Amino acid sequence: QSVIDHFGVGQAATADEVAKYFSIPPSGQGLPPGSGTAKAGAEVFANSCAACHGDKMQGNPAKGIGGDRLLGGRGSLASKTPVKTVESYWPYATTLFDYVKRAMPFSAPGSLTDDEVYAVVAYILSQAKIIKPTETMDAKTLPKVAMPNADGFIPDARPEPQLYR
Amino acid sequence: ASRIARAETPKAPPGAVLYDVPADPTKEQGRPVADGSYGTRSQFETEVRMRYPTPNENTSWSLTPLDKSLGNITPSGLHFERHHGGIPTIDPAKHNLLIHGMVDQPMTFSMADIKRLPSVTRKHFIECSGNGLTEWNKPTMKTVQGTHGLLSTSEWTGVQFATFARETGLKVDAAWVLAEGADAAVMTRSIPMEKMLKDALIVYGQNGEALRPEQGYPLRLLLPGYEGNTHIKWLRRLQVSDKPFMTREETSKYTDLLGNGKARIFSLDMDAKSVITFPSGDMKLPGPGFYDITGLAWTGRGRIQSVDVSVDSGKTWYPARLESLAEPMCTVRFSFPWMWDGKTAVLQSRCTDETGYVQPTLKQLIAIRGDNGPFGSIYHLNAIQSWAVSEAGDVTNVHA
Amino acid sequence: ASRIARAETPKAPPGAVLYDVPADPTKEQGRPVADGSYGTRSQFETEVRMRYPTPNENTSWSLTPLDKSLGNITPSGLHFERHHGGIPTIDPAKHNLLIHGMVDQPMTFSMADIKRLPSVTRKHFIECSGNGLTEWNKPTMKTVQGTHGLLSTSEWTGVQFATFARETGLKVDAAWVLAEGADAAVMTRSIPMEKMLKDALIVYGQNGEALRPEQGYPLRLLLPGYEGNTHIKWLRRLQVSDKPFMTREETSKYTDLLGNGKARIFSLDMDAKSVITFPSGDMKLPGPGFYDITGLAWTGRGRIQSVDVSVDSGKTWYPARLESLAEPMCTVRFSFPWMWDGKTAVLQSRCTDETGYVQPTLKQLIAIRGDNGPFGSIYHLNAIQSWAVSEAGDVTNVHA
Amino acid sequence: QSVIDHFGVGQAATADEVAKYFSIPPSGQGLPPGSGTAKAGAEVFANSCAACHGDKMQGNPAKGIGGDRLLGGRGSLASKTPVKTVESYWPYATTLFDYVKRAMPFSAPGSLTDDEVYAVVAYILSQAKIIKPTETMDAKTLPKVAMPNADGFIPDARPEPQLYR
């Protein structure tokens, strides 16, 4: 492997090392085992999320908190005051799993079990009326969730041709 | 308890140390040369970064005092910040970069490994794509620090991504790279492989020394001309893939919701932009006379070609002087000699980059993107900035 | 008295602040964004300026840690120092520049006045002409900080002397300018008018902010390519004259006494010079393999044209890569890929400037100037530097 | 005066302002009134200089002091160990006046009266056997003092032609 070892620095990474990390694309590749339902998720949310995002996921702009609103805003995107939430704006449910697992709860990021993440994701999606309250979220079902704004994104049209000299 | 009034002890500004000021510095010895020193700025210099008052201080930003900026480089201590989980403290001896995914050989590089690889040094700006987000509807911030302070320029030192790619090999379908930070946000962004191979740098140096903690110590991604959020700080991992990952930061945030309800995704390049830093908002001109108007111009798409200045609200434009040879994806300082007659004036600058793109007016931007800023269209506000000068010499932020 | 042993409190390195290091920075919030901050370097970075142990700390110098240098610019906190009466603390509100002598109108400029004049920003090195004075007879200092650390590079912002000259006018016989500092040495040097009108700057900015106190806050003279002592710090006065003043610093000091007993006076330009900063003295190479040899090259006479590197004590030379477009009177970083076979080696760099001048060997210098260094020939040692690498990987300063 | 006032910043300096400063070239222009002799200078030297430069002007390399040697070294300049002092090396006596007045005594620079400076200069020059012990130093006599190494300086011959490629 003369190309790889050209400079001779760095170590081959083992599968174990790589397995410590995750990032979940829309295909769901890399979603961990485990599952959760809205019911279980309601409890996770109440315990670990509601303080910052509000008990109705309405957000909490209080000093020291500043948790985003997670629900509502459907149909507002083309208005002058669009409301962008998980419900109204996010194109992929996999992003919700990935983000909650990596960065939430804000005060103790990465502290939830995979079951808890599946559960709270199920709860948010069900409160958003994107899935039924009874659906189980796991590595198979999550990538199939159809988000309301899935078709809302378009490629960057910049540089805008009108703006050339 | 003692009730004796005590004179308030004078405090040195951040970054400075207080020393006695002699009546005549030529008549007594100054401070000795210290052994083992790392110097501080003068106690008479007071400009600081200003935090934008987000509710949560750990996901917040601070702005560079561009009104006090000189030349081109931003002092590292005044480089703007945007953190989503605070500033982590990382021991470089324990920090590694993992490169895996669609590569021939997944590899880990220690900081010592990385520093053994051939390095390059390049001067680039970084601008947050949210720079100016308060200015969509009406002039909001008073100073240029507030309107444009999410912009800083440094000399960056590090290793080209291409060098790492040669070490690990790339699978034929490799088209995107996910970069991940080691902060509490475990920040992730997907970057097109084309960009990564063109000019992406994995940097450990800033302005001649190690990266500052707020800029990602010990390692960050540097993507010349790309929006600031993509320059992943505290970089620990690069995952090569055939598709983007659609992370929270590239879907929920850093997309541009247009008036029609559709949002532009992967709007990565920062468009050409310029701003007058002197005179600028909240300053006061002492009286009619000569003023050297000066500011910065930059573009994410190459080099700045030219800058024009208007003192009559855009009715007439004259070419400004460029202070130095414009470097790619780097700020350049411009200046324009102005003899103020004491009447009201509106000062503007407008740049053109080497692609022929001309910095637009806010009206032009809104005509294209819609009137929903800053709720929909938050990012990429690169409109011409106007500063009004009153007859009293007061300079204010206006939409003109 | 208490005799309880106390654990030593860990101390942050100069220029840093100590923070707790979390076991996993992704699992807890980092430091919040502060309002009103001026950042500090990482607590894991320790390089500092080293004072040369002169008997008197007020007339002394400190050297830049070039072994740790990255890229081109020197962090302002690590810029080398040479003071003859300590570092004065000067209130810029009370500081003026007086220009008088053979001018049409003697004038005083406050700092505010000076900042209203058109400014320029240019990147230049400053090198003390005593840089390397310990190295005439035998290798003396262990590290490149010791042998070459009286060299630093900054982006300087200020006003061209020519701009002031236009304001005051110059008499026809005006041929020299005396510059005077406001320190305890009331430092003075005479500068040829030709140089002053060509590219002399009166600078108040360094690397994007105000000059640091050690570099002359609030005002210094910047003479691109001239020996460091002439760049008068804490500048307060310029006296235009037809003849030089023959001050102590330009007669007793900073003249070059040759072997024949005659001394060169007004030897102002710094000749072309280069040095390998990695690997350099007192480092240890962990083992055979790839090393990216890197260093700096500079010349007081224009731009660096090319740099060659030898790993066999000057028997064979190969061209090095130049890191960036060489700027006039500015350092440029070079690099050379070296696959070390584990045998003893002697590393050298040699630069050529755009005038065709080639950096000499110490032998060549001594052949011309005599064998009396450092007692006679103290200054302007620009010879090729040699670093020996032992089989064990130890790097040492040698004369080869 | 349209040229001078082009930018309109800065103030015309008055003669009084300019008179606060000095720098004395070999012509002696700007030397102040006053005078001094070696006899008076011996006392100044003993009181204000000897601690740092040695009672015989032999210098004092002690920690915290580091005062230069001021005497001796004549005839050494072409040797391998030249000794550069006021006596052996300095080309102009005016420089001695200028430097002592501006920068000495090191611990209290600029604290001597002009008479004291003339006197201590006379003392140093007389100890160096450059002037007679009885000579008075003033604005007229000082520029005429012939220093031993007055002809010792030559223009810079660099860049040395041998060193071009």
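Worth a mention:
We call the chains A, B, C and D, going by the order they appear; numbering starts again at 1 in every chain.
The rule is simple: a residue touches a chain if its C-beta (ideal position, glycine included) is under 8 Å from a C-beta of that chain, and two chains touch if they have at least 3 such contacts.
This is a predicted model, so every value here is computed, not measured.
With centres taken as mean Cα positions, subunit D sits 28 Å from subunit C.
Centre to centre, using the average C-alpha position, subunit B and subunit D are separated by 52 Å.
Counting partner chains per residue, subunit D shows two or more touched chains at residues 6-7, 9, 102, 106, 109-110.
Shared contact sites, meaning residues of subunit B that touch two or more other chains, fall at 26-29, 57-58, 85, 116-118, 184, 186, 290.
Chain contacts here follow an irregular pattern that is not a line, a ring, a star or a complete set.
The list of touching chain pairs reads A-B, A-C, B-C, B-D, C-D. Here subunit A touches subunit C in the complex through residues 6-9, 102, 106-111, going by the rule given at the top. The touching residues of subunit B, when paired with subunit D in their complex, are 26-29, 289-290.
The part of subunit B that touches subunit C in the complex is made up of residues 13-16, 19-22, 25-45, 47-51, 53, 57-58, 60-62, 68-79, 81, 83, 85-93, 116-122, 153, 155-157, 182-184, 186, 204-205, 207-214, 217-218, 234, 290-292, 294, 323-324, 333, 335, 337.
Touching subunit B in their complex are the following residues of subunit A: 1, 3-7, 9-13, 17-18, 21, 23-27, 61-66, 77-84, 86, 89-92, 94-95, 98-99, 102-103, 106, 109-110, 152-160, 162-165. Interface of subunit B with subunit A (complex): residues 54-59, 84-85, 98-100, 104-110, 113-114, 116-118, 163, 166-169, 178, 180, 184-186, 188, 237, 239, 241, 243-248, 251-252, 255-257, 259-269, 271, 301, 352, 355-358, 360, 364, 368, 371-372, 375-376, 380.
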